[in-house]
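In what follows, subunit A forms one complex with subunit B and a second complex with subunit C.
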Partner chain A sequence: MYNILLFAKRELRVFVDTPVGYVVLAVFPATMAALFFLAGSFFAESEATLRNFFTWMPIAMALLVPALTMRMWSEEIREGTEELLLTWPIRLRELVLGKFLGALSLLFLTLLATAMIPMTVAYLGDVDGGVVLAGYCGTFLLGAVCASLGLLLSSLTRNQIVAWLSSAAILIALNLLGLAATARSIPPSLAHALETLDLGLHFYSMSRGVIDAADLLFFLGLTLFFLVCNGLVLERRLRR
Partner chain B sequence: MSTRPKTSVWTVSLLLGCLFSFLAFVETLTWRIDLTEDQRYTISPATLSLLGQLEDRLQVKLYFNEDIEGAEHLMPARKDLVNLLEEVARYSKGRMVLETVDPTVDLVAARDAEHVGVVPITVTDREVGGVSMESLYQGLEMRYQDRSEVIPFLVPGEFEFAFSVRLAALLRENRPVLGFFSREPALSPPMPGLPQKASPNRIFEKLRERLGSRYAIRDYRTASADAPFDRDLSALVVARPEEVTEEEQEQLTAYLQDGGNILIFMDHEVIDPSQGFTVTPLQTGMEEWLSLWGLKVHPHWVYDQQAQVLPVGEQFVTLPDGRRARNVITMPYGLFPMLTGDALSRGHVVTSELDRVAMMWAHPISYKQTVPGLSAENLLRSSEKSWALPPDVNVSMSRSNLELLQAMASTKGPPSRFALGTILSGAFAEGAKPGVLVVLGDADLFHNRSLPQGSENAIFGVNLLDWLSQEDELIALRTRGRRSRELRDFYQESIEIQGGLAGTDVENRVIDRRAQKARISAQRTMAWSNIFFPPLLILLAAFGHFAVRRSQSRVPFVRGDSR
Partner chain C sequence: MMSPDSSVLAVKVQGLKKSYGSIAALQGVDFEAPVGAVTAFLGPNGAGKTTAIRILTGSLLPDAGSVHLFGADALRSGQDLKKRVGYLPENNPLWPEMTVEETLAFAWSAQGRVGHKMSAVERVVVSVGLEPVFRRRIQECSKGFRQRVGLAQALIHDPELVILDEPTNGLDPLQVIQIRELVRELGRQKTVLLTTHVLPEVEALADRVVLLHEGKKVVEGTLAEVTSVKAGQQQFKVTVNGSEEDLKSMLATAGVTRLESGFPSSSAQASAVVLADGGQEIFEAAVKHDLVLLELAPRSGTLESLFYGLTQAEGLHV
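Up next, the complex of A and B:
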């Protein structure tokens, strides 16, 4: 556990030691606030709800989280420190979990930076606190899936941009699977499978205020799957 | 050939297999926490109790087409609907059998849907080179023993209520009966093959229709010792009483003292907006009867500043680009009180979750105890800024008259609150069975023209009668999720800060302009402070962090210094 925390701390320090980290941290809440208050119809609808805020979340997470994780492995590969890391006397899973925990801490900080939005809505009207809580839980779990996939793809390339683009593309595709399921040419069984895999649908279910075991375990299962894959990629590289 | 790639393929396949099996298993789980304030996504105790009463198999056929290309935005809500139905089926412990059919691919299902009255809605799908129309089925048929009920089109937010109401109807062999005592013309006799057409003078027909899904309605045009109000009525509605005779009053008293429940909504006049707002006085014949119980519905009208806003005219303005635009002028019409917030009794199940009730030319009610043992409760009240205006004022909705009414109200002394709906409960005579009498100082709120689709007045009416019929378990379900969470009204706040709209037309326009500006400015402040404040804090933190780092890096390195 100590090693995991050590690596998480290291990732966090690398992030806050660069101006880019702060820029990411500052741009995200500003963009979300602009989308919610200016681009959306919050004041026109005159309803104290964060529905429109959470509607943007799947796409926002698909773009933001890979940006947080893109350098975590590819930078190590590019600078040649990966070999050094892999030969340290620590378990591979501690390394993977350390990086993942680091990414989650960054995600937490970024979501914390958006806290002013629900506070403003609560000041303006009687917002349903349970829905906000469930929405943030859903966002965090969705972010965890994005982070684990971002880390996996970052470990496959030395180019950060490639890591970000591929992660974002896959995550956006995973958010649109449910739409594909509505097409006439898709057989019902495949449509059901596509709906099951749709990140957006599971997130929608949580953002309305319900924490469902199916959604919770879906996010956790997918996160674990990508983390295991990440470990396998590193193990293969270590053997080579 | 190396075995490593083969091993990798096997590992990845195994992992994928595990993942899909896990996800398939996860889909079967049903545990959940509903964090919404009103437990909107949890099956209510009322539905569970109804499901527990099932003695036979309940067959539910869902007419549902999976293919909704062109209406993808409906998918999450449709998924919610299916989840809810499956949850209900689980709670039925095997007594409810759910079957899903797709009428767009199954001709027999399409014929059945048409036969039972499940209607598709048409969805327009834009395609390359044209537009196609698709049918969307989302109806439900419920069969229990020899009875059946149909929901032609299910709306996810209202599913549980629609389902439970029909389930309650299926479980009951005979529907509860509501009496409707009014002077409206009778329905024309039913003709085979022809729908029964109601006369336009049956002004409470829409209310009857709303109640018809749960109750059998029995009309009474008169009552006498030979033809009294039946005692099997679950409640009696006295709709806009008119020249009620002494004999009828005696029957009302007898019914009430026999433990009956009565709802009276009354007016002292008939106002016809289509005939230039002519006011025709109405002899209710109820004054004496109401005074027996200490109640009085005054002939005055309540003028409330919290009122419905109506269009009173239009003006043309020239835009900067030279075009002329039409601007509709609206003003609150104080004789149409809009009851919201604490104007609706929050402690009573009928109104606790209601958002608003719109009244029209309402009369204040006063109560003075005359019968010991009766308890009174105000269900509806006007806002704090209300006055009573004499019954001879002009009620037209012209702009000048609205200004005149406003000026007249302000000369009536300090504002106060008036009861507009009162409940009396208890024994209406010594040794009598306890009954309930509800009196509303307005009948227009249930007039056909006041009950459009989704009207809160209709929900109020149905809630009230459910409560009177001791069927209040479904009230909470009906109003669940209906309470709106409105934002602070900066416009109204600004008007109040400026002392309200009580001056001349020119002054009002200035106040209105200032209030509009205040609203826009407050909204912009909120939006821009959200956009700039958190980044500013983060950038300040960054500057602080880097400043500390720089100052630390300037400290010279000293061998043996453990810092």
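Up next, the complex of A and C:
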């Protein structure tokens, strides 16, 4: 646990030490607020609900989280520090979990920065706190999947932009699987499989305040799968 | 230097093999590094030095062979064995956004050490001369200071074995002298394994030499051993009354390996240093080519001539 925290702390430190961190912390909440209050129909509906705020989250997470994770392995590979890490008395799983915990910390900070949006809505009317909390839990779990996939793809390339683009593309595709399942030419069994794997559909019920064990297991299982793959990539590099 | 104890081995490598696709980087290499000695791992670029070092330090797994550090199997041991090793990789990778202080504190923590962090950092900062840049970011440090930071991170946990991969690579002459002085000082206290292709560095720092070429060990021993003898052969200085071409032709007949031929020669005389089993074949070849042998003198070799001869032997077998 000591090494996991050590690496998580280092990732957090790099984030808050660079201007990029502050840009993310300022731009992301501002963009979400603009989408929710201005681009959406919040004022027209005259209802104190954050439903439309969470509707944007799957796409927002698909774009934001890979930006947080893209440098985490790529930069280690490019600078050659990955070799140094592998010679230190640290287990591969500690390295992977340390980076992942670091990414989750950045995600938490970024989501915390959006708290002004539900606070504003709460100021304007009665908000169901439980629904908001469930929505944020869902967002965090969705973000964890995005972080684990972002880290995996970052570990496969020394180019940060390639890591970001590939992660974002895959995550957007994973959010569109349910839409693809509605095509008439898709057989029902395949359509069901596609819907099961759709990130957005699993998030949808949580964003409405329903926490289902199946959704929780889906997010946690997918996160674990990508983290294990990340560890395998590192192990394979030892045998390159 | 710390007095070497050849009965205790810090490193024992046997039958090490590693290929990258169709390229065989190591082809069954064996070597040893005794505790307390400075062992130089020597060879031209592409000889397999860095591959062997990466296997030793745990950032690469071999295809075959065994690696023992202080008697323990390094390929199967847990993380504890790594704590006994300090490593400065080739190109000295560091985190540019971190300060020198943060880098060393991070390395200390990552080595699994707890407590006395700042006293360890201060100790190593003083020992490698990092005081002027202590609070500076790595990206703001000169290459010489960055190399010192790399050395400091390798020493922060007071390891018993220090492995340095080309520690003076890319430095200016003054920085080279400073880093060599640090390594010399290090050799008085610890077991050091040093890779390099800079021969004066080996002569200045090492007790023992392991020479690699094309993934194979060519020679291993103390500096005195490897510069004087190679598989029963001896170095001779040969001078004849003839041209450079006459000499080359005569040496080809003798079937010896030419090591050096940079001696002043006139149209009347030519000289070379060769590696031969004895003087007889040279004498007989001189007679055959109708050349007068003006000099046939046994010579204690330099590391440079040995390196040149052993790594270029095929091309220069005249």
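Definition applied: the second predicted complex is superposed on the first by the 240 of 240 C-alpha atoms of A that agree within 3 Å, B and C clash if a C-alpha of one lies under 4 Å from a C-alpha of the other, contacts with A are read in each partner's own complex, and residues count from 1 in each chain.
As a convention for this text, contacts are C-beta pairs under 8 Å (C-beta built on N, C-alpha and C of every residue); 3 or more make two chains touch, one makes a residue touch a chain.
Model, not experiment: these values are computed from the prediction.
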Should subunit B and subunit C be called a clash or a fit once both complexes are overlaid on subunit A?
fit
Tell me which touches more residues of subunit A here: subunit C or subunit B.
B
Just to be sure I read the superposition right, which of the two partners does A:A214 touch: subunit B = first, subunit C = second, or both, or neither?
first
Thinking of the overlay built on chain A, is A:A26 touched by subunit B (first), by subunit C (second), by both, or by neither?
first
Using the superposition on chain A described above, determine whether A:S46 touches subunit B (first), subunit C (second), both, or neither.
first
In the superposed arrangement, does A:L238 touch subunit B (first), subunit C (second), both or neither?
second
Considering only touches as defined above, state whether A:R10 meets subunit B (first), subunit C (second), both or neither.
second
Touch test for A:I90: subunit B only (first), subunit C only (second), both, or neither?
second
Between subunit B and subunit C, what minimal C-alpha to C-alpha distance in angstrom results from the superposition?
5
Quick check on my understanding: which residues of subunit A belong to both its subunit B contact set and its subunit C contact set?
17
Touching subunit B in the complex, subunit A uses residues 16-17, 19, 22, 25-27, 29-30, 33-34, 36-38, 43, 46-49, 113-114, 116-117, 120, 124-131, 133-134, 178-179, 181-184, 188, 191, 195-197, 201, 204-205, 208-214, 217-218, 221-222, 225, 228-229, 232, 236
In their complex, what parts of subunit C are in touch with subunit A?
20, 54, 57-61, 79-80, 82-83, 85, 87, 89, 91, 93-97, 102, 106-107, 109-112, 114, 153
Listed in rising order, subunit A residues that touch subunit C in their complex are 2-3, 6, 10, 13-14, 17-18, 79-91, 238-240
For the complex, which residues does subunit B have touching subunit A?
4, 8, 11-12, 15, 18-19, 22-24, 26-37, 40-41, 66-69, 71-72, 75-76, 79-80, 484-488, 523, 526-527, 529-535, 538-539, 541-542, 545-546, 549
